[in-house]
Amino acid sequence: MALRSRLEIVIPKPDFPRLKKILEHPGIEGYTVIDGVKGHGQRGDRDNLGLSDSFTNVLVIVVCDGAVVEGISPAIKQLISRSGGIASVSTVQTL
Amino acid sequence: MALRSRLEIVIPKPDFPRLKKILEHPGIEGYTVIDGVKGHGQRGDRDNLGLSDSFTNVLVIVVCDGAVVEGISPAIKQLISRSGGIASVSTVQTL
Amino acid sequence: MALRSRLEIVIPKPDFPRLKKILEHPGIEGYTVIDGVKGHGQRGDRDNLGLSDSFTNVLVIVVCDGAVVEGISPAIKQLISRSGGIASVSTVQTL
Amino acid sequence: MNIDQFLNPVILFFFLGVLAHFVKSDFQLLQPITKFISYYLLMSIGLKGGYELHENAFSLSIVTILLVCVAGSLFTGWYVFHFFKKNLGIENAAGLAATYGSVSAVTFITAVSFLEQQGIDFGGYMVAALALMEFPAIIQGIFFVRKNQPDQQLGFRQLVFETLTHGPVFILLGSFLIGLISDHDLMQGIKPFTQDIFKGMLCFFLLDLGIVAGHRMSFLSKLGKKVILFGLFSPFIHAVLFISFAYVVGASAGDALLMAVLGASASYIAVPAAFRTAVPEADPGLYVPLALGITFPVNILIGIPLYHSVIQLLWH
Amino acid sequence: MNIDQFLNPVILFFFLGVLAHFVKSDFQLLQPITKFISYYLLMSIGLKGGYELHENAFSLSIVTILLVCVAGSLFTGWYVFHFFKKNLGIENAAGLAATYGSVSAVTFITAVSFLEQQGIDFGGYMVAALALMEFPAIIQGIFFVRKNQPDQQLGFRQLVFETLTHGPVFILLGSFLIGLISDHDLMQGIKPFTQDIFKGMLCFFLLDLGIVAGHRMSFLSKLGKKVILFGLFSPFIHAVLFISFAYVVGASAGDALLMAVLGASASYIAVPAAFRTAVPEADPGLYVPLALGITFPVNILIGIPLYHSVIQLLWH
Amino acid sequence: MNIDQFLNPVILFFFLGVLAHFVKSDFQLLQPITKFISYYLLMSIGLKGGYELHENAFSLSIVTILLVCVAGSLFTGWYVFHFFKKNLGIENAAGLAATYGSVSAVTFITAVSFLEQQGIDFGGYMVAALALMEFPAIIQGIFFVRKNQPDQQLGFRQLVFETLTHGPVFILLGSFLIGLISDHDLMQGIKPFTQDIFKGMLCFFLLDLGIVAGHRMSFLSKLGKKVILFGLFSPFIHAVLFISFAYVVGASAGDALLMAVLGASASYIAVPAAFRTAVPEADPGLYVPLALGITFPVNILIGIPLYHSVIQLLWH
């Protein structure tokens, strides 16, 4: 079992294409996306209603090496500061 | 990067309004909700079928300070003991 | 609060029945399933489109004792090596 | 017993759904579709009921029918609770009481289809009866629990309010009102949606419901014999009760069938929704499988044609 | 003001949805259904517009109407921006400008239903006007922001492209083209789906939209008085503007009503979609609630029959 | 080649969907809708087939057609496997064999629409042919793999069972049976749903399928030339084969077209579903894109009218 990082990002769905570009980073072998996520934060309720996806979040999980997280975290930080959302990192072991 | 707690709660969807009230707690700045979640537990299979949401779960993620978790955990424990579900806490770093 | 393991598995949806069988293991009291998950990995994009579920993932969360994880991890490893996906373990406290 | 129901596509699709579950087919409609179609059915039936009540005047005999229905529903709930109290404990007995006192809109809708294909008339106010019978037994059931656990959070008003605003009840009542007050010329344009494709949507919905029923049936093995037998035979007892009521108040044959079906049917949507919030200790794994896995198929397969035959006999 | 709209089931379902939100009903359609029905409506209206434009030749008077509509849309966006710039800041003023310069397809569709039930003709090219008015004000709004923040990533071409390929715009334009070029005999087979059940689907959609509008209304309390008043009264001003245009270019009464509605309506789908990407600093919690929670109901409830009366007066 | 298909809205909507993918439109229907509409289509076509088989008696010539279809399907699977074995390895060759031996229900449905609009009759048993051809080639394909990997878990019975209970196959067969045994008077009430709005739903579905096809096309660049050419030209070869069969057994012109289309089409739903479980080593990124991204559009755009012309020539 190898020690790796698990990065979990929640952002508005319309901003996902930008996040996707950030994740085209060497060392990232994959990611998982949960669509149609609701939430509550500083920008109010996001209820996954309506047609424009403006009130819908996505949750993205990336398992990668700790060094890679450091490589992409400035870009993610900047994205989130503009679009809203949250990102957290924890240590996991992969099977 | 700041050290924080990540609280993950799975409960039956009809009990979500009660959880929501618990989360209106000082120090909680936001939460993320995944709807239409299935599962298996002591109360049998929850298959997200039917019209009454009685067999549907929601998964709620709260990133907050450890002290806040301690503040709300009794209320959550009590809710879960009545409605079923599970809650776990881990340590994360936020970007 | 008890120290336990949180196992998170992402696999193709058609392989979920196999995972389910693995999870019928003593010591596993429950699990949570998020359906209709998208992702990207070595086998390309999985976009949750189409009728055959061949391009759809599920995410499964199991909270259990560390010893149980060790019991089931060989079977899960083998499943993933054949079907694709990822599995990671972290330490959590349950409320 | 009429063989016809076995050749009725509406019924056959339900059993195709049940079969899908038992052969472990991966055929499954997702929840958004279930919700869409069931709200569609409730909206259609509500509009139609309101529309027809508008066409015909409100009369004393209508009020009598409505009152009798509600009284029958409360009586059913009352006796079921006391019948099961010792066996199942207060919470679960209350759950069963609410389930059998309340009604199943889908059984009602299936009976409406049956009447239409037989060319038998019925009153638009029967939809009002459907709506009215949804909640009193639920509230009564919750009270049975409250008497013994006085420390509950939810007040009476809030209870009634929550039951009335529960999705399916809300859309049924709302559409009924819209049907009642809308300009009837404007409503013609909606009919191809709410009426023409209705029976096909019902087939599709029952296919889906069959799968859900199949899933719920897996819980049945855990229920006791007494409970199972109750699920099997109570529909006939309740139907007899409501047919007698119908006879006494002088309802038409069509209204009588719908009253029978309302009495005989059991709720598997409104009750679990209300009880999850108000009495989480009651186990939906008990009353939902019984209502959906046994009483519902008994009613649509055997009940409806049987009640119909009895009524034909008595009314002519 | 016409009482009729209060008896129109299409309108009543919208308010039933709003009510569902305010009584905290758990009635809710899930997003896949919202998307299905709204794309269905756009596809139907697009096909119909293309079909009818095909039947009638393209003429100079049509081109004039289209140009006037786009000009009116840009003018609206321009004045709204300058009106709110100081108050709300550049980004939010631009968001409002795009919102009110652009149009609401659902308001348009409701007006089409209104015309059909009144038996008043209108041109298929009005669907082209709907499509054409969706995006210029949006791009203009983004430019108002760019002038002050020259460091943006998105180029002009990409901007136009993204706005045109946005789901609802894309399906409307695509269906319009298909309606235009398809063999008209082959299109007959589609009509039961795109036309017969259309009004019923619209009812269902407005029920759903009512819930969304209810949710968005909860943001209204945070908006200033000036903004609220603008949302309430600007529809009438914009309608007057567009009715004058229609009068000047000699449009028919039916076309005039649709022009009025295009002018008076505000976008709550295309604008937030485009602005989230291009100007994330603009707050969708400002312009969406205003457009959907105030301007939309004002238009369908009071606006459409009022504009119609005015046009009847002027045109005869 | 017939120009007509380019003016057929059904076909145009498919290409609108493909376009949506390539211009990166965010237009997308969610999976619950895809499932709803495709199950609706299968249910409708199944009911219709069963209904018509009921109306006409089962005869020797029908049995002959069905047998010939299955034989042709197995032959196709057999030669495709041996053709690609060396190039692609056993698992992927078996995947392609199953894909091209099996059939595409949507292509079949499109051909049915084509026949209806041309006013050409065909037998209800052709739906039985569709159902029967879905699985033998799949099971054969899995056997090709098993011969070389004898350590597999799934037994033969379970294999057949899983293939027959796979969602789309199950609903098609089930509806076929319901259509066969249902009371035909009762089925009239379902027709507005299953038949009147069918063509419109098909348009909507093909729009959605176009998007999926677009997504899958992005895999095509990784496939070798030989594979791509096979996807492009094999439909014509297979159609010729099946048209010959039809000619020999004396099928009607309508039946012959459907046989051609069954032979020429390739499965992109049942095969990946079965192979994911039975042969996970076969790459769905190979056979799904080929079947959906190349063979499907070739068939609906060029194939159907071409096979039709050939049959007209031969049959008259």
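As written, the chain order gives the labels A, B, C, D, E and F, with residue 1 at the start of each chain.
Everything that follows uses one rule, which is that a contact is a pair of C-beta atoms (placed from the backbone, for glycine too) under 8 Å apart; a residue touches a chain by one contact, two chains touch by 3 or more.
Being a predicted model, the structure only gives us computed values, none of them experimental.
Same or different for subunit D and subunit E, where same means more than half of the interface numbers show up on both copies?
different
Can you tell me which chain lies farthest from subunit F, using the average of the Cα atoms as each chain's centre?
For subunit F, the chain whose C-alpha mean is farthest off is B.
By mean C-alpha coordinates, which chain is most distant from subunit E?
When every chain centre is compared against subunit E, the largest gap points to C.
Between A-E and D-F, flag the pair that has more C-beta pairs in contact.
Pair with the higher count of C-beta contacts: D-F.
Hey, how far is the Cα centre of subunit A from the one of subunit D, in Å?
Averaging C-alpha atoms per chain gives centres 45 Å apart.
Could you grab the centroid distance between subunit B and subunit E? Build each centroid from C-alpha atoms only and quote it in angstrom.
Whole-Å distance between the two chain centres: 39.
Could you grab the centroid distance between subunit C and subunit F? Build each centroid from C-alpha atoms only and quote it in angstrom.
Computed from C-alpha means, the inter-chain centre distance equals 33 Å.
For subunit E, write out the residues touching at least two other chains, lowest number first.
Counting only residues that touch two or more other chains, subunit E contributes 26, 28, 30-33, 35, 167-168, 192, 196-197, 273.
Show the residues in subunit A shared as contacts by 2 or more other chains, in ascending order.
34, 36, 48, 53, 90
So in the complex, the part of subunit E that touches subunit D is made up of which residues?
4, 7-10, 12-13, 16, 19-20, 23-33, 113, 116-117, 192, 196-201, 203-204, 207
Flag every residue of subunit F that touches subunit C in the complex, lowest number first.
Touch residues, subunit F against subunit C: 28, 31, 34-35, 38, 167-168, 211-212, 215-216, 218-219, 268-270, 272-273, 276-277, 280-281, 283-285, 288.
In their shared complex, at which residues does subunit A touch subunit B?
8, 10, 34, 36-42, 48, 57, 59, 73, 76-77, 80, 86-90
Touching residues of subunit C toward subunit F in the complex: what are they?
So the residues of subunit C touching subunit F come out as 12, 14-15, 36, 43-45, 47-56, 82-83.
Where on subunit D is subunit E touching in the complex?
Those residues of subunit D that touch subunit E are 30-33, 35-36, 39-40, 43, 47, 161, 165-168, 170-171, 174-175, 178-179, 181-183, 185-187, 189-194, 196-197, 273.
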